[in-house]
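I've put the structures underneath this note.
Both of the next two complexes hold chain A, though its partner changes from chain B to chain C.
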Partner chain A sequence: MPAKAINIILNLAVFVLAWVISFPMNEWFSATMPRHQLLQLPAMLLLGIIAGLRSLKHITISFPWDIAILIFIMASLVFWMLPRSIDAAVIYPAFNRVMHLNMLAAGFLGITVIRQTIFEIKIAFMAMVSVMVFVAGITLITFNILLCSSFNIDQQKETGFRLIIAGIVFATGTLFTFFRSLGKKI
Partner chain B sequence: MLQLSPSEIKKNRTFIKVWTITFLVVFPLLIVLGLLMRMNQGEQINLGMDKFYVLMTLHGLGMAGLLFSTSFAALWYLLGTRHVKLNLGIGYFVYFMILIGVIGLTYSTLLGKFGAGWYLLYPLPFKNAIWPAWSTGLSIVSLIILGVAWLIGILHVLYTLAKEYGGLTNLLGWQYLGKKQVKRELPPVVMISAISLIPGVIAYLAGAVFLVMFLMQYFEPTLTFNMLLMKNLIFFFGHTLVNITLYCCLGWVYALLPEYTGRKWETNKILVYAWNATFFFIIFAYFHHLYMDFAQPLGLQYAGQLASYFSAVPATAVSMFGVITQVYHSKMKWSIVPLSFLIGVAGWAIGGFAAVIDATISVNTIFHNTMWVPGHFHTYMLGGVVLFIFGFFFYLSHTKEEQEKDIMGKAGFWLFVLAAHSFIATFYTGGVNSIPRRYADYKGIPIESTHLIGAFLARIAAICIIFVIIGFLIMTVSILIKLTRKKTAVMEHVQNS
Partner chain C sequence: MKRVLIPVVALTICFTVIWKWTLGFSAFTVFSYTLQQAGTLPRTFPDLAMISQDKEVFHLKDKHKYVLLNFVYLNCPYVCHKVNNQLERIYHLFDSATVPSRLEFVTVSFDLGNDDVTKIKKYREYFGTDIPGWTFALPYQTNQQAFDTFLHHIGIWKYTVPATGIINHSLYLYLIGPDNKIVRVFDPARENDNSVYEQINLCLQKQSI
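On to the complex of A and B.
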């Protein structure tokens, strides 16, 4: 099958899945905090990554833009972890769709930058994201006051616990990438 | 050997000159903070508690950061002019990030009165602190900037070395452990760089975790994180930073001393075993900072003692034995560079021995909160790292002939060494006399003899510091005269090496 056709099918699949998550399944994903933060958000990010994997394969982004995009992704993740943003996203589906678009864009651009940026920036970025996820988890577990009024305290703690695990997994991945890159006989 | 064009040599020279001048300007300013602290303890001036702890914080954070940054920059220069081509753009990026971090820290301490010490004493900065909240926030952000800068610099060096030497295992010298003939010699400085800097990456990850937690706490003051977790993270970060500073310096001792003794110092099986063992122990030795924390699991306390003992053996013993075999009957001329290295190694050994004593649980229960602790780290920092740095600066600025004939530099050097060790002796004497550390002054101590001895030793220390500064300034003048002339010694060294 020609590459162009694969691209079209892949992007179509991404579009359909994003639509399913964003529209018919939106209510289900917004029902609990773990679903909203640990399924919906990463799913959109992943879809963005899948779309970016092939679409922007041959595009070269200059170094200053690399940094700008990484800052955009970091800021996006921080923004969608804020209790106020989460509450608004659950209450207003339209606002939730802004999150979906934001995550799709973050994944789409992120994978392109990560693939072509210099090793130092890649590892530093991955390390900082894993640290952020880990600390967000610890914070949710530590905090005994309900942060998002749309959910309950048990869901908050459960999300925190799973974010800690996600942070550890991500940090392990970062270290793995780091050691693997050092281990390459170039 | 790396081939560099004259313009590349010039660029590298400018880079290291920038770092040299930065060190020579900032270091005496930070010493003056120490002088003021000791004068306050000696009751010669009255700073007040708030100002004392502000100075202590800036002195501690500033010195640890400056010494690591300079050691790393010197290592960068040696690697970048001898073994691999490093990207100076990244070098300057790291430099300016560090500069931004330092400006932030200076502002938050001197103007914002942030005085929580380098260890930040969680959760005290957030509980009825006497300084404004913004200064805590600015300190945290500044430290994050510093951490990211160092991390990027370290990653660049590691990655470039790995590319040049065919991967991580080769960098760690594992090819020497097999029976096969080694295809390409691994310079010890390269192996030591890798072994020092990889734990640095892990430590910065830990540092990032606690700093982001601090940031969260700053935005949401009602949060309460696990204090023991915080302390473990902070001390893992701090302990590793100081350790790798020393090892960065040792890297250039291994590289430069043979130029004076005329003897090769090559990588072999023993060196590989010793340094690889150190790689492991660096990570676990920090537990000895937490002996006073009764909530810490007992097994970790024992692990801390064992790791501290073992970490002292391989790299220290092998390196010192190496230094002795280098200089013994070598008929080298005792110019200022080998002198700095030899006395620096002695400072490292004495400070390291004092550290091992303090890392013994039964001894630590008595010494932990006494002046013994600043005694040991000042020995290997002031009497070790700073001398290594000066050795490197003299190497950089002077030709070999000038190093031998520079009377002014040598006079400054001996004054510095004598004054520094006398100053350090006041800490150890304080330690054995149970003078408490981190006290702004001793007026409130109900035991009169402790008060009097503490104040007396602080006054002696203040006099010693003045001589340390004079020695430092004499050496600085000698270095700057040679460094700022048009044709410096650097070109000669690069060509010779």
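On to the complex of A and C.
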């Protein structure tokens, strides 16, 4: 099958999945905090990454733009982890769809930049994301008061615990990438 | 120059969006955001007719003394009762020379659909029979929309979870002065009984001077 046809099928699949997550399944994903923060948000990011893997394969992003894109991705992750943003996303489905588009764009552009950028920036970015996810988890675990009015304290703690695990897993992946890349350089 | 400018512009835009969204990195939750949006202290407490457990209609502005006000709903599974237990401890820190002559406690239910005067009267009895100056009340002749607007104006966030019917809301305690102005807002999750007591006492002392 020609590469162009594979691209079209892949992008169509991404589009259909994004639509399913964003529309018919949105209520289910918004019902609990772990589903919203640990399934819906990463799913959109992942779909963006899948779309970006092939679509932007031959596009080169120049040095200042890749830094700008990484800043945009970091800020997007911070923004959608804020309790106020989570509440707004759950209460107003239209606002939640802004998050979906944002995450799709972050994944789509992010994978292209990560593949092209220099080793040091790649590792620094991955380390920052790991720490951010870990700290978000610690915050949710530590606070004994409800931070998001759309959920309950048990869901908040559960999300926090799983974010800590996700942070550790991501940090391990970063270390693995670091040593593998270092090995190649040597 | 361009190499620096593009990331700096991106950083500035992202920083500004988050800055605006959190009111200058000071309001990260809907609770703190709603409170800050309501305005700075001291500010006038909007008028609302209330009905007490003894079926007496009253307005806070007519009390002309300090009032410590909080909001609860009786079907709350946990936190409202915890806050009322804290309020009970604070109530008992004051002597009879202060409460009710100079300071009153008012606990208002915002579950207009389920709570009524009989229920709040019964609920009040859980805190003792001899608690003069602690009124349990309901909004009087107010519909849900008007009451929600009132809550928003004073800085209380309230959201009913559709699946469970549980009302998640701000827990703040409002200290309203004799001139009907909100002078202090306490967060019971962050401040202990003595801290609230001392701050109220400070206001009472200032009034005496």
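Following the convention adopted for this analysis, the second predicted complex is superposed on the first by the 184 of 186 C-alpha atoms of A that agree within 3 Å, B and C clash if a C-alpha of one lies under 4 Å from a C-alpha of the other, contacts with A are read in each partner's own complex, and residues count from 1 in each chain.
By our rule, a contact is a pair of C-beta atoms (placed from the backbone, for glycine too) under 8 Å apart; a residue touches a chain by one contact, two chains touch by 3 or more.
Predicted model only: the values in this text are computed from it and were never measured.
Q: Given the alignment on chain A, is it a clash or a fit between chain B and chain C?
A: Chain B/chain C on chain A - fit side by side.
Q: For the superposed arrangement, I'd like the angle with vertex at the C-alpha centre of chain A and ends at chain B and chain C, nearest 10 degrees.
A: For this superposition the angle at chain A equals 90 degrees.
Q: On the A-aligned overlay, A:Ala31 touches which partner chain: chain B = first, chain C = second, or both, or neither?
A: second
Q: Figure out whether A:Ala171 sits in contact with chain B (first) or chain C (second), or with both, or with neither.
A: Only chain B; A:Ala171 stays clear of chain C.
Q: Answer with first, second, both or neither: which of chain B and chain C does A:Ser85 touch in the superposed model?
A: Only chain C; A:Ser85 stays clear of chain B.
Q: Could you tell me if A:Phe134 is touching chain B, chain C, both of them or neither one (first, second, both, neither)?
A: After superposition on chain A, A:Phe134 lies in contact with chain B alone.
Q: For A:Gly183, select first, second, both or neither according to whether it touches chain B, chain C, the two together, or no partner.
A: first
Q: Quick check for you: in the superposed arrangement, does A:Ile145 touch first (chain B), second (chain C), both or neither?
A: A:Ile145 contacts both chain B and chain C.
Q: Which of the two partners, first being chain B and second being chain C, lies in contact with A:Lys4: first, second, both, or neither?
A: In the superposed model, A:Lys4 contacts neither chain B nor chain C.
Q: Where does A:Glu120 make contact in the superposed view: on chain B (first), on chain C (second), on both, or on neither?
A: In the superposition, A:Glu120 contacts chain B only.
Q: On the combined arrangement from the superposition, state the nearest Cα-Cα distance between chain B and chain C in Å.
A: Superposed model gives a least chain B-chain C C-alpha distance of 6 Å.
Q: Would you tell me the residues on chain A in contact with chain B in one complex that are also in contact with chain C in the other?
A: Looking at chain A, the two contact sets intersect at 145.
Q: Mind listing the chain C positions that touch chain A in their complex?
A: Counting only chain C, the residues touching chain A are 2-7, 9-11, 14-15, 17-18, 21-22, 27-31, 33, 79, 157, 159, 161, 163, 166, 168-169, 171, 189-190.
Q: Which positions of chain A touch chain B when the two form their complex?
A: On the chain A side, the touching residues are 119-121, 123-124, 127-128, 130-132, 134-135, 138-139, 142-143, 145, 171, 174-175, 178-179, 181-186.
Q: Flag every residue of chain A that touches chain C in the complex, lowest number first.
A: The contact residues of chain A facing chain C are 31, 63-65, 67-69, 71-72, 74-75, 78-79, 82-85, 87-88, 91, 144-152.
Q: Can you list the residues on chain B that touch chain A in the complex?
A: 90, 148, 151-152, 155-156, 158-159, 162-163, 166-169, 171, 201-202, 204-205, 208-209, 212-213, 216, 220, 222-226
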